Amino acid sequence: AKQDPNKKKLVFAIANDIETLDVQQMYTGYTPHTLLFTPLISLGLSNDNAYPYLAESVEIAADGMSITLVFADDLKFSNGKNCSGQDVLKAIERYRQISPYASDWEEVKEVKAEGQKLTIYFKEPTAYFLPVLSSMYSGIVDVQEAEKLGKEGFGQKPVGIGPYVLKQWVQGSHLVFEKNPYYKDHLPFVKNHGPWAFDEVTVRIIPDNFTRISELEAGNVDVTQVPVEFLDRVKSNSELKVISSVGQGETYLALNTEKAPFSSRDFRLALNYAINKDEIKSAWMGSVEPIYGLVSPSQLAYSEETEKELRSKMKYDLQRARTILAELGCKDTDGDGYLEKDGKKLSFTLLGTSAQKVPLTVIQNQLKAVGIEVKIQEQAASYVRQAVQDRNYDMALRSWSWPDPDIWYYSFHSSMGKDSIWNSPELDKLLEEQRKIVDPKARAAKWGEISRKIAEDVPFIPLYYSYNYTAVRSNIEGYQVSVSGAIYWNDAVKK
Amino acid sequence: MAAKLLEVSGLEVQFDTSSGPVRAVRGVSFDIAEGEVLALVGESGCGKSTTALSILRLVPRPGEITGGRIVFDGVNLLDLDECSMTQYRGKQISMIFQNPLVALNPVYRSGFQVQEAVMLDKVPPDRAWRAALNVLKQVRLPDPEDRARSYPHELSGGMRQRVMIGMMISRFPRLLIADEPTTALDVTIQAQILDLLDDLRHEKRMSLLIITHDLGVVADIADRVGVMYAGALVETGDVTEVFEKPLHPYTQLLLKALPRGPKNELRLESIPGGVPNLSNLPPGCPFHPRCQRRLDICSKVEPETLEIHPGRTVRCHLVGGESFWKR
Amino acid sequence: MLNYVLKRLAVGVLVIISASIVLFSIMQLMPGDPIRMVADPRLPPHRIEELKRAWGLDKPAYVQYLYWMKNLLRGDMGTSIATGQPVGYLIASRLPYTLLLAGTAMVVRYLIGVPLGLIAALRQGTKLDRLLVMATTMLMMIPGYWFAILLMMVFAIKLRWLPISGFQGPASLVLPLMTMVLPGIGGTLRVTRSEVLDTAREPFVLTAHAKGLSARAVQVYHILRNALIPVTVSFFLNLPWLISGSVIIENVFAWPGMGRLVWGAIQSQDLPVVQGVFVMITALTVVCNIVGDIVAGLLDPRIRVEIEEARE
Amino acid sequence: MEALVELERVKKHFVIRDGILGRRRRFVHAVDDVSLSIVRGETFGIVGESGSGKTTIARIIPRLVNVTSGSVKFSGIDICRASGRELMLARRRMGIVFQDPASSLNPRVTVAASIQRPLQLAGLPAKEARDRVREVAELVNLGTEVLDKFPHELSGGQQQRASIARAIVLRPEFVILDEPTSALDVSVQAQVLNLLLDLQQRFSLTYLFISHNLPVVRYLCDRIAVMYLGKLVELASTGVLYREPLHPYSLALLMAAPPPDPKMRNRRRFILTGDPPSLTNPPQGCRLHPRCQFAVERCRVEEPELRDYGSGHLAACHRIGDLDLGFAM
Amino acid sequence: MSRKRTYLKAAKNGMFITGTVLFLTVLLVAVFADRIAPHKYDEMNIEKAFIPPGRAYLFGTDEFGRCLFSRIIYGSRIALKIGLMVVAIQISVGVSVGLLAGYFGGKLDMILSFITDLTWAMPPVVLSLAIVTVLGPSLERVVVSTALVSWPGCARMVRSKTQSIKNMPFVEAARALGESDLSIIVRYILPNTLGIVIVLTTLQLPGAILSTTGLSFLGLGSQPPSPDWGLILSEGVNYVSKAPWISIFPGLALIYTAVGFNLMGEGLRDILDPRT
């Protein structure tokens, strides 16, 4: 019997238009990039260790001063050209030159290639480096080809090493991929190491949620992200399966600590007690989980104890918030329902993006309950960032996602200049220390210390980390999912 | 006297406007003989154009012919259906309008507009074009070949009016209605057009119904004249008779209101007041508020049309009855 | 005539340049910069400065503009900061879809709107007339997103007659087309209706009747012919408007058009793309205006004279 | 005899700009080298075909348009060079009445307000102004009930009387009447003409009366100027002009309007052929020559000058003397 | 045309009456919003989220358990404010430009006409997107930017009307009386362009409301918890499958108001048209 041709096809749908296909030039990566470029290593299904992926083996020196990657002898680019350690080195050099994130490699002292072996030497032990190697940004490009095609040309016709190669790209509409016959990876937890079971993979760009979910339900899309508003609907559909994963990172409420009354720790503490994170969760249909520390469960260096401890200390307590505010001399003198301090009404702006409408509105409402007026201003994320940098704000919702908590380094360390929203010599020291701790347990403990320090000063208020939902058609089986939501399609088949 | 070509009797036209019905034409009766020129005069808004349009059954909405008969060559036009009426328009009766700029379609060449008319008689296009040129020559359009290829806005007022006349006589109608054919034109051009109309009428043996408010034009071209006031025909008669011995006070005053010499020779007789509003006519004779010789009856009963002798009628309480003979 | 067009084009170029300056200034006023718009927080400050320098964003605004202009004259519209792709390529790959949708929408809209307007005018004051006007008014006022979703639910999801989104052949065109066309019909209907009514009141129509043309002939050759002049012109005046005005529809139907491109570019302050699209649409507007004038001139000899006189 | 208004070699060329940025210019010689003077107390008539420059002259005198060259004097004041204040004062001594009564009054204000406005501008106190308005309204036979109406609620005759009232409310010496009756019905025209005569007698006004209706001009005017394509072709006192017109165009005008008398139907006619040519491109030589049956070669090349043929009878024609155009009218 | 006739025509014009009635209801609702609405527009009750329309909540509740009926009632104030503000700005810019260009002509006209053409040629959506993105989202900015790109139509119309009025005898007479240019523009020309301006206003109002809604939809307009219909609509579409009523009711309210204004404008046009 002839096989249904549809079974040999897989269709993804994504919401965002994609940028260049050159992973070394892009700012943000999406599904198409993962098809074309395979990361050097994998953090595994539970984000606990470094596993081989594109590299045949990965070895971290005990002192944390170097990482050695070995590649298969028959490693080939998607155009069939052999890829030696030297080629990988060239790709890394190109990355360090042109990628916006070249600074990820700043702590690297030297990279040496020897046959199919590549060794990365650090200036100091570098714990945070694994996520860099495990991200698709570290995908290997054919530098020779890139130089031939030029920056722009290569972005449209990339040559790298991934399970698929680009067949067709209709701007703004969809991309079609076909199998890369030369592909081979070394993931330890999958059976199939070649291209996947699908002859053709399509990635469609469908910005509107309603439309995307409708396409999914109609059977025209196999895999897509599900916005929480559509979760009920998708879950109730027996043809679909929902994979939920935990986002790596958190959303927090940044406070302008250089400006009264946010310069007062007690005031910030009062705000902390006034905000009910559980209510945000329920208003957002459970799609987020309250967080009190700095590390979310799917990140490296997470510690449950720290989280528990901080929760009991920092939990929502309306009464306490009111008491602190009263002690600070905030009083409703004119009976408008809002407090005044020194004759000035407590009225602040709250910046956030339009995607954060729910938490913004809930926080607005909660602060109203303690007598603080909040004016919401929805802005693009970069404006929020700029406003925070310029200290031109009262409160702002900010968030980020990265497998390693080291990302906080960029928000705190004094060397970040204006990007550092809060710093102190002790904090600087702690942040530098955690970078060098290679042992996961010890590193988690260090992060506990940092979290507690922050909870003490309350320079900002951690709010939540989010769940991500991905719908996959039920007739697709065999894929594996990591805690952070990465899906390994190697063994997947369509029934 | 030649046979009557057109007989209009008791014509009533009403406009249903938002401020109530307007009786634009009230019981108008007149006739035109073959080859005769009848002029209708009267002040603006007294229903002259409406009367003329009624004959072609082209009274625009919201106007409607509500009564009377229009007998053309023995056929009551008001009984015809729209389709047969089209057979009369242009072929039997045609009409030229006051302002030839707006009365010609700006997007077609003037020659085509004549040709289009000729082609209605099942004439093939090329012959129709030649016929059109011929007609334009007859109406004394200079350079007819050239002008026929011009668009209306490229022609002067006089030329346009000639194209218009050409278009309307191209199918040899038996009656030509000319609604203020010269009002929009300069006096020197007016003279040319009047001359042309007069010539055509003789050459083609057309009857002519000319509508104007210029008594000079009437005196110049008409055989007979009808004077209208507030939708009614108040006096008809032979031109010389009416001009010499007007019977209706309105006609009399009108003739005296015309300046005929320098100011120091005579003072103009002015008629007090203005033309009444047709939607709100005074009771009785519509002229009575302005009439210095009005009787009691004038403000109560509208006078009947009185035929003094064949072809001479008047509609006034002062004429006929006892009061007339007493004077 | 050619001379006239050339002169109009010259003014058009002036308009385009001024428009691009206006937009450039507006975009300069935006707080933040395109690099920050697209980058992760992982990007440290010194790296941002480096990238800005690489893109020439550290130069004074007028230098940036002149540079952009210089490249434009060489036919190079620059490179998108956010996506790293050539702007010319981005626009070229989106324009056909936009033109296909907007162009067809305009044509269909007029094909439906003009006859309906004619019917309404000929039946002026009747129930049918009122119904047509009312119904199209309602259509005109329905919020775009709403309408799009409604149509999608009915025709694509419930009835499964049409594809939901994307472009997979002519059938995909139907829904976006309907969303664009239906609200527009009202406008076309009204223009046609009032033009026909106005023309019907013109004295030359009376002339046409008086010379013995049948009612149908008068309607076709004298009323319609003249009334269609402004209607045709409005077609060309509306066309560019439609091209820029479809962000929402393109989003809903995942249509790979310019609206989405420019919307994304504005959000990420991708100046080269915004400028490129803007200039493109402005140019299209200018050209459409000129074409509209020429068509009007061809249809209406009175206008033609002005054009020809201007030429000497 | 004192000249109230004096025009000396007045030219007015309108520029019609077109092309891109108005680069191309064409000239309309609306008034071309016209000299005339209007004597205090007289009614001076101007006749001529449409577009011959009559209205332009009317607009030149109060400087509603600036002359291209030449000088305009109003009671000794050089209007063309007058300062703003002088001009304003001079303008207050003139009144203007236009042809179209319906658009002569601001449709958005009442008739009373329209008439009162000049007084207001002249700085009269409101109460006094209102009295004056009532006074003037009586003069022109406008009932007080009419004063509070809007222009469109009035009949044409009433509208025209209202605009006459506005023109004379400042007690001017000089009134410009630009075809004041041509939009009116015959019966109403007589009312207005009588009113004008009355006013002239009472206030010893000087009129400039523009019209193309010959009988009316003859009725009202003491002297008449005939214009053709921006040129003054003949100027004479009314009686003289009617008795012995010198210029063929004057004759054509006089003969063109048929008298309201059927007996005159078979009078001798003199009809100009052809249409008036374009003003942007007037014919060489005598401007009338393409339409004039008496034209000879000289008329085609040489432009005739305006010459005095005795007792202020001016005419510009090469063939005066060769022809006898005298008809008893 | 007398005033009485205008009233009569208005009384007989079905479109105008329907439009006026629709508009008046919106106006009344806006004025008495606090009395009509059973809840405050920002009163949250997260346990009561997503209650479908019914007895307890006429239009149901939204994701925060806010009463949708109350929000829409309060929203009418914003809708009217948007419409009137956009049109006010647009008309005042358009009218001034049109009057100046039309009256003075010459160089000034050339410059103003060029600016008008320029604004006309620029894609309005892109331009107002850019403006609002620059200034940051807020209702006022959306309003201003929408108005700033939509005045050329009005300017053109007023310009040509001014050109025709300025040659009317009554203006000429005014000049002869020594009226200043400013006085002529204000006293003589402006009042006479009022007719078309009024018609234009009512016809542009719904468009103004709709286009600001479009911008709100793209997240550029009012900020939460404002009961702006556009905002409710754009928030509601997220829940279009879970709670369709959140987006349906503001949509209906929008259509209701827009159709009201539109019919009123069309009606007014008929009424003020002297030919009918």
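We call the chains A, B, C, D and E, going by the order they appear; numbering starts again at 1 in every chain.
The criterion applied here is as follows: a contact is a pair of C-beta atoms (placed from the backbone, for glycine too) under 8 Å apart; a residue touches a chain by one contact, two chains touch by 3 or more.
Worth saying up front: this structure is predicted, and the values here are computed from it rather than measured.
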| field | Chain pair showing more contacts of the two, B-D and B-E | value | B-D
| note | Farthest CA centroid from subunit D: chain A
| Where the CA atoms of subunit A average out and where those of subunit C average out, how many Å apart are those spots? | 39
| Centroid spacing, where centroids are CA-atom means, of subunit B and subunit C in whole angstrom | 52
| How big is the gap, in whole Å, between where the Cα atoms of subunit A centre and where those of subunit B centre? | 90
| subunit B: positions in contact with at least two other chains | none
| request: Two or more other chains in contact with one residue: find those residues in subunit D. | output: none
| Two or more partner chains touched - positions in subunit C | 11, 149, 201, 267
| subunit E residues touching subunit B - in the complex, by the definition given at the top | 2, 4-5, 8-9, 12
| query | What residues on subunit B touch subunit C, complex-wise? | reply | 53, 56, 58, 60, 82-83, 86-91, 94-95, 97, 99, 102-107, 116-117, 120, 151, 153-154, 164, 167-168, 171
| said: Give the list of subunit A residues in touch with subunit E in this complex. | reply: 209-210, 213, 227, 229-230, 232-233, 279, 282-283, 354, 357-358, 360-362, 364-365, 375-380, 383
| query | Mind pulling up the subunit B residues that touch subunit D in the complex? | reply | 43-44, 142, 156-159, 186-192, 194-195, 213, 215-220, 239-240, 243, 253-255, 257-263, 267-272, 274-275
| note | So, in the complex, the side of subunit B touching subunit E is made of residues 18-19
